[in-house]
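Can you keep this structure in mind? I'll have questions shortly.
Residue numbering begins at 1 within each chain, and the chains themselves are lettered A, B, C, D, E and F in the order written.
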Amino acid sequence: MIDLNMPLVEIKWFKGRDDATKARTIELVTKAICDATGCRPEDVTIIIHDVDRASWGRAGKPFG
Amino acid sequence: MIDLNMPLVEIKWFKGRDDATKARTIELVTKAICDATGCRPEDVTIIIHDVDRASWGRAGKPFG
Amino acid sequence: MIDLNMPLVEIKWFKGRDDATKARTIELVTKAICDATGCRPEDVTIIIHDVDRASWGRAGKPFG
Amino acid sequence: MIDLNMPLVEIKWFKGRDDATKARTIELVTKAICDATGCRPEDVTIIIHDVDRASWGRAGKPFG
Amino acid sequence: MIDLNMPLVEIKWFKGRDDATKARTIELVTKAICDATGCRPEDVTIIIHDVDRASWGRAGKPFG
Amino acid sequence: MIDLNMPLVEIKWFKGRDDATKARTIELVTKAICDATGCRPEDVTIIIHDVDRASWGRAGKPFG
C-alpha cells in the first residue's frame, strides 16, 4: 500500500560537494525514505544547502 | 480587529529570479497574508532563498 | 510563458489560526506567488508551522 | 577517506508515522548519506517534523 | 554605531524545557547577538522549536 | 546537572558580517545557550545563513 506522506527533506552540509555527489545523495536518500515509509519516489522532494565552514560552529568555535 | 500573529514567511525557489520579481513577490505575499489573517503589513517578514537546480531533487533526480 | 521555479513556502505564526484561515492563507499566498512569478499553482507548496507565543521572542522577551 | 561534511538532515512529512517508522527512517537515511558522501554515521544528525495535513498545501488547497 | 542586521534566530532542542527557561534563553541569546554584532535588541527575533527525542537521531539512531 | 538538550541554533541575518564576527557570535551564543539551559558547549551547534537585503522584506518591501 502506498503511504501518501509527501516527505520534504532538507540537507545542510559543508560547501564543497560536487553536483555528482548531490545527485547521488538525492537518489539514495529518496530510496531510503521510500524504503522506510512506503511512499513513492515522486512524492519525495530534497533540497541541499551548502554552508561555509566559517558559518558552522560547535562547542563555541567555527569549523573553519 | 487586528490579529497580532507576526507571520514569518520563507520562500525557497530556483535561483534566477531578479530583484524586481523578489520585490513584487514580497509585496503580493505580504498582502495575501494580511488579507487571509487580518494582520498588519508591518508584522509580516519575508525571506527568500535562491536554490541551485542541482541542489533540488524530486523523484530521486536533481532538476538541473 | 510558464516559469518553472517550484516555490516552497513555509509560514510560521502564533498558534491559534483555525483550519479555515489556513486554507484561505494557502489559497491566497499560492495566487500571490503565481501572480508575482508566473509559475503554476500546482508547483507551489505551502507549509504552516504554529508556534507558541512563549516560544517566540523579540527584544529579549517572549510574546506570551 | 572520511569526508567531514557534518550533514544535518531535516525531514517534514504528514503527521501519523509511528516511532518505529521514524527510527527506521533515521537508520536508512543516515546510511544513504554516508554511502553517497563518505561521511561517518556519527556525523549525521536527523530531525523529523510532523505536519498536520491542514497545514500543508499544494495547488492552493490544503491536503486535509 | 548600530548595525542593522535584523537577526532571526531559530533554536531546536529536545522537548521539555519550561517557559521560564525559554524566556531566559530568549533574553541571553538576544544579548549575546547584540554584544557580538552591535545590533539593537528590538531587531532580534527568536523562535524556539521543541522536538521529540524520538524524532531526533544521530549515528543512525533516535535519542529516545 | 548537565541537561542533554542538544540545541541546534540557526541564525539568519543580512549578508556582510565577516568571519571574525561570525566566530564571536558562535562563541557568545553558545555560552548564552549553556548559561540558560545547563547544557554543555560541545552539544551546541550553530549555523549562520547570510541573506541579501533584496531577499528580505518587511511591510511589503525589501530592505535593499
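The working rule: contacts are C-beta pairs under 8 Å (C-beta built on N, C-alpha and C of every residue); 3 or more make two chains touch, one makes a residue touch a chain.
This is a predicted model, so every value here is computed, not measured.
Listed by label, the chains that touch subunit B and also subunit D are A, C, E, F.
A count of contacting C-beta pairs for A-C and for B-C identifies B-C as the more extensively joined pair.
When the contact pairs of E-F are matched by residue number across C-D, B-E or B-C, over half of them reappear in B-C. Between subunit C and subunit E, the centres computed from C-alpha atoms are 21 Å apart. Averaged C-alpha coordinates give centres for subunit A and subunit E that are 23 Å from one another. Annotation for subunit F: residues 8, 12, 27, 31, 45, 47, 56 touch two or more other chains. Contacts between chains form some other arrangement here, matching none of path, ring, star or all-to-all. Touching pairs of chains, sorted by label, consist of A-B, A-C, A-D, A-F, B-C, B-E, B-F, C-D, C-E, D-E, D-F, E-F. Residue ranges on subunit E touching subunit D, taken from their complex, read 12, 51, 54-62.
For subunit B in complex with subunit C, the residues that touch the partner chain are 4-14, 16-17, 21, 24-25, 27-29, 31-33, 35-37, 56, 63.
Of all residues in subunit C, only 19, 22-23, 26-27, 30-31, 41-42, 44-50 touch subunit D in the complex they form. The touching residues of subunit D, counted against subunit F in their complex, run 8, 45, 47.
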